[in-house]
Amino acid sequence: MDDPFQIIDEAGNKVGKAPRLKRETLLRMYRAIVSTRAFDDRCMKLQRTGKIGFSIPNRGIEATSVGGAAALDAATDWIAPHYRDFAMMFYHGISLEGMFDNMFGNCDDNAQGRQMPVHFSFLEPIKWMSISSPLGTQIPNAVGIADAMKLRKEKGIVLTTFGDGSTSTLGFHSGLNWAGVKKSPVVFLCQNNQWAISCPSEKQTMSESYAIKGEAYGIPGVMVDGNDVLAVYKVVSDAVKHARSGGGPTLIEAVTFRMGGHSTSDDPSRYVDAALFEKWEKRDPLTRFRKYLIDEGHLTDESAAAIETETADAMMAAAKVAEGKPRPKLGSIFSDVFEAMPKHLETQMEECISHFSDRDEAVNEKGEFPL
Amino acid sequence: MDDPFQIIDEAGNKVGKAPRLKRETLLRMYRAIVSTRAFDDRCMKLQRTGKIGFSIPNRGIEATSVGGAAALDAATDWIAPHYRDFAMMFYHGISLEGMFDNMFGNCDDNAQGRQMPVHFSFLEPIKWMSISSPLGTQIPNAVGIADAMKLRKEKGIVLTTFGDGSTSTLGFHSGLNWAGVKKSPVVFLCQNNQWAISCPSEKQTMSESYAIKGEAYGIPGVMVDGNDVLAVYKVVSDAVKHARSGGGPTLIEAVTFRMGGHSTSDDPSRYVDAALFEKWEKRDPLTRFRKYLIDEGHLTDESAAAIETETADAMMAAAKVAEGKPRPKLGSIFSDVFEAMPKHLETQMEECISHFSDRDEAVNEKGEFPL
Amino acid sequence: MVQAINDGLRSIMKEDESVLVMGEDVGPKGGVFLATENLTKEFGEDRCFDTPLSEDGIIGVGIGMAMNGMKPVCEIQFQDFIFPAFDQIVSEAAKMRYRSGGQYTVPMTIRTPYGGGIRGGLYHSQSGEAYFAHTPGLKVVIPSTPYDAKGLLIASINDPDPVLFMEPKALYRAFRQEVPEGVYEVELSKTREVTPGGDVAVFCYGAMVPVCTEAAKRVKESRNKDVRVVDLRTLMPLDEESVLQAARDCGRVVIVHEAPRFCGYGAELSALIAEHAIETIEAPIKRVAGFDTPFPNTLENYYLPDARRVLDAIEEVLDF
Amino acid sequence: MVQAINDGLRSIMKEDESVLVMGEDVGPKGGVFLATENLTKEFGEDRCFDTPLSEDGIIGVGIGMAMNGMKPVCEIQFQDFIFPAFDQIVSEAAKMRYRSGGQYTVPMTIRTPYGGGIRGGLYHSQSGEAYFAHTPGLKVVIPSTPYDAKGLLIASINDPDPVLFMEPKALYRAFRQEVPEGVYEVELSKTREVTPGGDVAVFCYGAMVPVCTEAAKRVKESRNKDVRVVDLRTLMPLDEESVLQAARDCGRVVIVHEAPRFCGYGAELSALIAEHAIETIEAPIKRVAGFDTPFPNTLENYYLPDARRVLDAIEEVLDF
């Protein structure tokens, strides 16, 4: 396979033809990356102080998420996401309050505190399919959503994302093979951050690349520098156009690096060589893009700093609001199992509520997530 | 990908360099094909007369099986087979009586009549792993057997076979990916007979070929004319050598054609174009190989005819013996669930035996397999 | 019954454009049991089509379609082959509504033939209802007559939640029954009283219903006792009240299914009764079930509960 | 408990060269709960190694290894992620001996943490024991103390059949207990009487054992009643006799588990008693279990049975 496609090189210099994007869009992309860092930062603090149980650091891979997100039309397209794609949400303006409601699992959380933090679900402003923990399952789901679009003659396409490790799952195999046969309007974006928790790529697969796995399904595979937001934008946009016009799916491998632990509970020093972090620090997608925007006259050091402060403040404020909200009602344990609550769940709900309402004995609130 | 590798062309002429094989071996290969046809024939008759429930016709794909089988060393190697590989059994001299015991599910069946017909299991003269109905599961099993060989410093390799349709299963994906990473001493032989029951390849996958799917796992892929027994022998032998010497796995696609229904219960005229059968009839692996052997002076029309009669007689005789044996004992329902029979099964066994022993009411013996 | 299912699919597909059928060999071949015969011809490749050989794909893609406005009817060729899709069913279909607070839902139906009766051995005979009934978020439906098969199937397809619709293959061609034309529903979560009676309650479903009915007839003849045979029809959510009522009315209970006994569906029925109606029970609650072994082939008819085994159990609880 | 498991693995690996450990992140990282810490260091990459992210592969390959002379111990990182391997477990591991008439066997152990207690929500908290106990050919073992964890794990690894060894993650670091050095076994299929008593029998396993013990203590204090808490330890094959004996001795029964109640493991216990000991039972057989919903996150501690819920049930059967 060729070298990954690049537009901005590691030093932040333009080395390819940049896609035509309005200043607003470029800044929106930039803000999404900054927001993701600030969100990560806030979540790490919240987890360290025991206020939330868990988060998934996104540091290092934000350009992949933003480049992918920016290629979509929120009015028609869906995202069937991996859990490490916060920057997509920021790019599309998904409610920050809603995100924090989920992190705290409070009563306003779309998932009613049923899911662990970072397992977001939104319908607006873009269809953000509810995140699942079992890996790779979103891939055939995405293909089904896309096939339904075709049957319903909708104009949309589906972008589904997943990690390098997730290419070994059932869903990857069944989803890509199906999409190949059906020419489903879907874009497969593999976030190759080089690790599946502690498992490096050389123990994950011996294929030459992840992109080449498309060959097994008759799907074109493209490799892109995942830390170059414009390059990602470009290849995903091309794939989106291809899918929208009936050309079928594309598999994109964005080569990037997880600049931290798998989650807030993970200690990567047990298994990642420190030199690797140093190497990839130099390719940081945020600094690269900032330099580019400054070079192009879209940003100054001052305006960049202002965005950072503003964003960090917004995170702090939103986290406070979410933290202040009560937990979901007991009844939320029993609703949404089915559309209508069957009798046996009604009975269990009544028992549960009466059991806890007639005492004030505190329940054990401990429990720490290991990973 | 290149054209499938060939040594004997469709007219039976030698077009490539034939591997050096003794006359005995060549005739053993030939006999295995003839036996398979005769076995098919006998089973079809037994099924039509209601004496057995089901069989799997092998007509058309025998060269693939025999070429593959002949590349193995029965003393060290294992076969983790697909269900459509009878010719492998004949080549290795697996007991014909044992095969028919299984077809009738009688008391001498290795599986004690627990499995449907054709789900063979043998330890001798070659390790023939018990056949499962769920497709593709044998693939990771084969990889595990092979990895154990490496750990135990055995010299063996594992040949695992599966159909074109089976490439879409979980087991294909997980097994090949694992073998790629671990360089497992295993050979993957895909019997591309162009159908998965009624599903043709163009609905199964859009990959350029089945062999190319190896790319997804860093495994070399080879295409071979599956109706050319010498060509199959050659590519499988090369792969076996490669695996045995620590070089890792190979994926081989043998291109052939299922010259009949999926099973004795299937009517392919519902979905296969008659012209296709005609086209492939001309590439029949038996006639091709016979012509070659006659040309090379290993066979005459007379000796060929003698082999056929002899083989058909052997089938008839063996089927009779198996038919005459009683059904397995009632207790066989309860043994082999675990090594030692737990109490609850002992109790159930006693209840079952006493229930049926104190009456002579016949149980309903009907039940027809649809496929 | 298989014609009733075919008719049910055809009727609802005519009426509702969002219904589609997919699975292995459901297209030109019409399914291995012919349940989907002629649907591709009548509705085209978009509405009834063959899929790659991947149950994980069939269900995983079906879930996606269901989330985006379709009502897919996914066929799993034999229930024994549903396990590669177990993760998609248990982790995704069953939990989508819950985990998204109702934002995303999966109005999908999974049709699959189950149980013994065709000499299918270990892998073409299993009855896995307990796996699914134990999984919150799934409905489980099993018909025992052509009329119910069509009406319950249409109700399942119209249901807003994922339904596993298990078809007793032993009854596919067992007997004929006229079924009404066009679309009709049989309400989910309602049992059917097959025979009235107050002496013993027999709970069953699917292919065990005729077996139990036969046993009831014999008890009537030999002992003049009236057995209330109850066909559960929907296993989840179960019509618990009518089960408990029958148990209370009769005071004696026999439960029958093909699946292995240990942790089988019958255990739940027994436990429900032991928890809510034990004071009315006058004899051991008997289960007649498949043995706790894999499903054998040659000896299939010794493995499957038959009228005699049910009869023995009924007599035992009567004599207690 | 997690140290006892680590110690158990190390002890048996030292003694038996055919034992190896594999799974996601079990190598250098030592497992997400550190159950396999330092094993790669001590025994090398061949004996303890990370696998690709494929549970189907971990189990499918493990089966092959087990068929060819090894005793693989496969880790599934969370029981919730076992479902992609469900087909290999149910169709292959469980049925290999049966379908080959004992020619091929699968002496494999599958270790997996299960249950609540770490705020893991829907997908890091499930208790799937009933799925596996219902599958003929599998053994299911669940320890509740460090001593048992080590001894049962070694017995499972040495067992000639496939064993699913489920570890209650809530107890991983719950309390300390000295365990003997080196290799020892705790016999499978034997229950453990946690507290003696003849007034109420409480059946439980895993993380519910300390919960039930606490409830028993409170009943003793408040009512001076003696509760026999029985830790099942092996769910399949179950020590049925000791279960029935306890039920008969006490005449009152409470069953406790984390998994959803409907078709849960408790149903089988109840049904066994209702079938074989009903004449000695003086009160409804109560089940205290997880609700019939997916597992919630924020409200996890309202979902999980606690000592108060168990206490209420015990009082209810005492007052009946």
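Just so it is clear, A, B, C and D label the chains in written order, and each chain counts residues from 1 on its own.
Operating definition for what follows: a residue touches a chain if its C-beta (ideal position, glycine included) is under 8 Å from a C-beta of that chain, and two chains touch if they have at least 3 such contacts.
Worth saying up front: this structure is predicted, and the values here are computed from it rather than measured.
J.: Suppose you hop from subunit C to any chain it touches, then on again the same way; how many hops at least until you reach subunit D?
T.: Shortest path length, in steps: 1.
J.: Using C-alpha centres only, name the chain that sits farthest from subunit B.
T.: Greatest centre separation from subunit B goes to chain A.
J.: Calculate how many whole Å lie between the centre of subunit B and the centre of subunit C, each centre taken as the average of the chain's C-alpha atoms.
T.: Computed from C-alpha means, the inter-chain centre distance equals 35 Å.
J.: Centroid from C-alpha atoms only, then distance subunit A to subunit C, rounded to Å. What do you get?
T.: 39
J.: Quick check: how many Å separate the C-alpha centres of subunit A and subunit B?
T.: Taking the average C-alpha coordinate of subunit A and of subunit B, the gap between them is 45 Å.
J.: At least two other chains touched by the same residue of subunit B: list those residues.
T.: 109, 112, 114-115, 119, 132-134, 168, 170, 173-174, 177, 181, 203-205, 337, 344
J.: Quick check: what residues of subunit D touch more than one other chain, meaning two or more?
T.: Each of 51-52, 54, 56-57, 80, 83-84, 87, 91, 95, 98-99, 122-123, 136-137, 238, 262, 292-294 in subunit D touches at least two other chains.
J.: Graph of touching chains, which shape: line, ring, star, complete, other?
T.: Its topology is that of a complete graph.
J.: Residues of subunit A touching subunit C in their complex?
T.: 78, 80, 109-112, 114-115, 119, 121-123, 129-130, 132-134, 137, 139-149, 151-152, 170-171, 173-175, 177-178, 181, 335-339, 342-345
J.: Taking the touch rule as given, give the residues of subunit C at its contact with subunit B in the complex, in rising order.
T.: For subunit C paired with subunit B, touching residues are 24-25, 27-30, 32-33, 50-54, 56-57, 80-81, 83-84, 116-124, 170, 262, 291-294, 296-303, 306, 308-309, 312.
J.: Mind pulling up the subunit D residues that touch subunit B in the complex?
T.: 20, 46, 51-52, 54, 56-57, 59-70, 72, 84, 87-88, 91-92, 95-105, 136-137, 139, 160-161, 189, 237-238, 240-241
J.: Please name which positions on subunit C make contact with subunit D in the complex.
T.: So the residues of subunit C touching subunit D come out as 80, 83-84, 86-87, 90-91, 94-95, 98-99, 122-123, 130-131, 133-134, 136-137, 236, 238, 259-260, 262-268, 270-271, 273-276, 278-279, 281, 283-287, 292-294.
J.: Using the touch definition up top, name the residues of subunit A that touch subunit D in the complex.
T.: The touching residues are 53-54, 105-106, 112-116, 119, 132-135, 165-166, 168-170, 196-199, 203-205, 270-271, 327-328, 330, 332-334, 337, 344-345, 348, 352, 355-356, 359, 361, 363-365, 367-371.
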